[in-house]
Amino acid sequence: MTALPKLIFELSRDGKVGCGLHEADVPAEAVIAAADRRVDIADFPQVSEVEIVRHYMALARLNYSVDAGFYPLGSCTMKYNPKINEKLAAADELQAHPYTPHDLVQGNLEIMAQLEEWLVSLTGLAGFTLNPAAGAHGEFTGMLIIRKYLQEKGDARKVVLIPDSAHGTNPASAHFAGYEIREIPSNVQGIIGIEELRAHLKPDVAALMMTNPNTLGIFESNINAIADALHANGSLLYMDGANLNALLGIVRPGDLGVDVMHLNLHKTFATPHGGGGPGSGPVGVAAHLLPFLPLPRVKKNKDRYEVVYDDPRSIGRVKNFYGQFLVMVRALAYLLALGRENIRRVAEDAVLNANYIRKKLEGVLDLPYPAPSLHEVVFSDKDLPVKTLDIAKRLLDYGLHPFTIYFPLIVHGAMMIEPTETESKETLDEFINVMNTIIREARENPELLRQAPVQTPVRRLDETLAARKPVLKWRRGENI
Amino acid sequence: MRYLPLTDPEREEMKKTIGITDVKDLFSCLPSGKCYPSLNKFPAALSEPQLVSTFKEWGRKNSFSDHLSFLGAGAYAHFIPEVVSYLSSRGEFLTPYTPYQPEVSQGSLQAIFEYQTMMTMLTGLDVANASLYDGGTAAAEAVLLAVRKSGRHRVLLAANLHPEYMAIIRTYVQNLPIELLTVAVDEKSGRVDGKDLGTKLDDTTAAFVFQSPNFLGVVEDSRAIAAAAHERQAFAVQVVSEAMSLAYLVPPADCGVDLVVGEAQSFGLPLGFGGPYLGFLTAREEFLRQLPGRLVGQTVDLDGKRGYVLTLSTREQHIKREKATSNICTNQAWCAMRAGMYLAVMGKTGLARAAKTCHLNAAYFAAAAARLKQIKVVYPENFYNEVLIEVKNGHAADFLEALKKKGILAGVPLTWFDPAWQNRLLLAFSELHDRKAIDRLLAAMGECA
Amino acid sequence: MAQENLLFSKDHEWLKVEGDMVVVGVTDYAQHELGDVVYVDLPAVGKELKKGDPVANIESVKAVSDVYAPVSGKITEVNQNLNSTPELINQEPFAGGWIFKISMTQASELQELMDGKKYEEYLKGISGE
């Protein structure tokens, strides 16, 4: 096993140079006094370009990625990131400064308008904001829209209902929008029951945040009745669109009574996850909520594109400039490449793949909820002689990235598996074979799993130490 | 279709295994009346060459590339070494997920640990997080952090903060029990009015949030500001929209600032029409457990090898849910890695050289502009890379338009942000400009009445 | 095994009564459920609380747990050792891992708590689920 890479600071030597930038050529003196300037940046790296390339290539070799293999994280939709989209997003002709006068960037404004049009058509909602930077940012934006709408009606309410299977960002976003959270338990089928909803639906409820399909991969089949009950109560239905990959071209949330939803361009729309971001979380609304969308918004005026900056009813600005523009470029390119012929295929293959895995593994793993799975399936570690964590770590030894573990919280030792549509049958069969092998190992030789992983560059890092004695940066003279 | 690897025979085989005849059976749990909307209004699929030409067409509808640009005001054109683009485009950095399985994510984790380290070196503070969305939302998170940490509910904002940052802060606190108050700007100096600050600071103040260099391009007296805030046990929060300034000016920590947050797009990220950019947050040690966003920490593995993990996760939404320090989940991780690569490549001497050139270019312009009749440099004594000018005898809009016709984008008109600023333009200078470019700007300005 | 002479709450806190003061910690069951403790957020000395108020919280790598005031009163002392050595809660939950002391304002509230035997039965009930 090769040695782990040093830190860039450990490679640094006085006199080494990494960049090729010339000196200023203007005859000018500094206006800022010497006392207000820094002397230098102590300990900042001095490494040659050659060594920098090798340093990052060594780091790259330590990373698993979608480009390397199967990445079945549930609700993350780790689908293939098309390479042509990288080239399109890097084109010089698109790299305008965000304050470039609008007449000089009609192409960019049209790109945003086109993406909005696609999202409107795919979801059946009336309009979208492309400003939010990620799903959670979109949730926060959506909650602010709901709040302002109700305030304007003179019906400000304090509570948002959130199911116990919800992703943590849901209650966090609602909280920062000023709401109190009331949790609804999922029923025995794993979904929100209509009677349970009615029991929680008091006059102080502003909205229900629903993920559909939910984090169990199960369709919230009571959605029509739920939407009706909410609307009758003067409440709104927010949909977390993280799992839209199961529904693309099959059903439109706007047709199901959804008032506000966010999408994740970095999930359903194939933009790269980048190790944790950047994402993009457009928010769509039904017609009655359009005036509250954040600013700025792109508007078409005859054959020109304009930008709206002022609207007294808007919730305000949530993001600098327009949003994650280069992420939008990738998402639009992805949609244009799919076209009407393939949109539906995405959801069909995604759901087919997930159900194939479910069928093959439901004999060896406990399936806590028998309801039909859509694009992801959740197993539990019940009746296994090892923990879910041990199975996940052993998968690493077989060169595969584990599924999501210990989420949703309502399943003991949850294993959330989302293959996506961009995986071949060969890959699925390989995963199924490896899982069968590991489960057999679990029964015959559980120590193999508890010691796993053994093939990776590092093994079972001490997260307790990291939290007890946080070391969050390199310091000269401190070495492990 | 190249992104859909399943073949029809394979689909048949899989359907048989599952026990269905039609893929539609898998969607029988959906409400039948609402399924399978018409897809006719969507365009037909584009082949790869067609995709390229479609985007080229959009590129042709953009006509900014020929212009010499001095646009700034929160986004800056800087030299990006080719090596940065090359390394950051590797699929190993671009296509993984958040590093929840650290054993196979040491590349991302170490790269972000290095980024965190370099941001603390630049600001002088103790800890940096692994990114926020952008400068504006970073400023908003800093406001929330200061309120959380202090237990106080009033926050003072300098009137010369970037107007977008101000707007975002207001959006973020609109439904929270936080009171915002603006501190006036001294017209003569372009800086925060110390007297007004002193009057407004009191024992209910959680923090004073100021920007330096501020939106007018002026460098604030951070030492005096921090001292004033601390006298009332309030936090001094500095917002930075031009991160390059950190490589030139005295580190904020040396001035007593408690939190330094802002926009790090200048560190290797393309202008990209506004995004994705990079919000950064650095803080004193005492804020550690209240920090928003992800943190990468160092540890050891079973065999005693050094390694990195996401840590102090109990602050975050996936554990604390509505009690989390922020709702942020997906952040700007790749942008942070890229910024780390940029900072490593530029290095100690390269970054200092770039940062100095930005200032010298601005200084050259300001000195020469003093000789132009048409304009006045508003704050000639004190700026970093942005120079605020006032157009005499007319409206800045016409002046700008005339320059635009000469192929020059001569800065951002402040009237966009406040109609009261009718005649002011903010010009940004970077190491990409040279004497020839600035002389061209000056000559063109001389010709425009 | 529950300790003798201690009282217990449903939230898995133990109390040792010393006159009109109680020493409070969390039980072995609680520390086991939490996993390795990495940080304890201690209350301020002098803080006044009602029974049931959240007083402190204990963080492990993957979870945070609130500790509630089992009786009403005022915090008189906190275990500063937990700042440098939070793992005391795992290693000695009933001894060195004590968390805070309260001077009681309503000693009658002690009657609402469980004794060792009742707590053991309570634990059996939980693990039986």
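Miscellaneous remarks
Note that the chains are named A, B and C in the order they appear, and that numbering of residues resets to 1 at the start of each chain.
Keep in mind that, in the parts below, contacts are C-beta pairs under 8 Å (C-beta built on N, C-alpha and C of every residue); 3 or more make two chains touch, one makes a residue touch a chain.
None of these values were measured; they are calculated from a predicted model.
If each chain is drawn as a node and touching chains are joined, the picture has every node linked to every other.
By number of C-beta pairs in contact, A-B leads when A-B and A-C are compared. The innermost chain, defined by the distance from its C-alpha mean to the mean of all protein C-alpha atoms, is A.
Subunit C has its Cα centroid 45 Å from the Cα centroid of subunit B. Once the centre of each chain is set as its mean CA position, subunit A and subunit B turn out to be 20 Å apart.
The distance from the centre of subunit A to the centre of subunit C, each centre being the mean of the chain's C-alpha atoms, comes to 38 Å.
The residues of subunit B that reach two or more other chains are 313-314, 319-320, 323, listed in rising order. Among the residues of subunit C, those touching two or more other chains are numbered 38-39, 59-62.
Multi-chain contact residues of subunit A (touching two or more other chains) are listed as 463, 467. Contacts from subunit C toward subunit A in the complex involve residues 35-36, 38-39, 59-62, 86-87.
Here subunit A touches subunit C in the complex through residues 406, 463-464, 467-468, going by the rule given at the top. Of all the residues in subunit B, the ones that touch subunit C in their complex are 289, 313-314, 319-320, 323.
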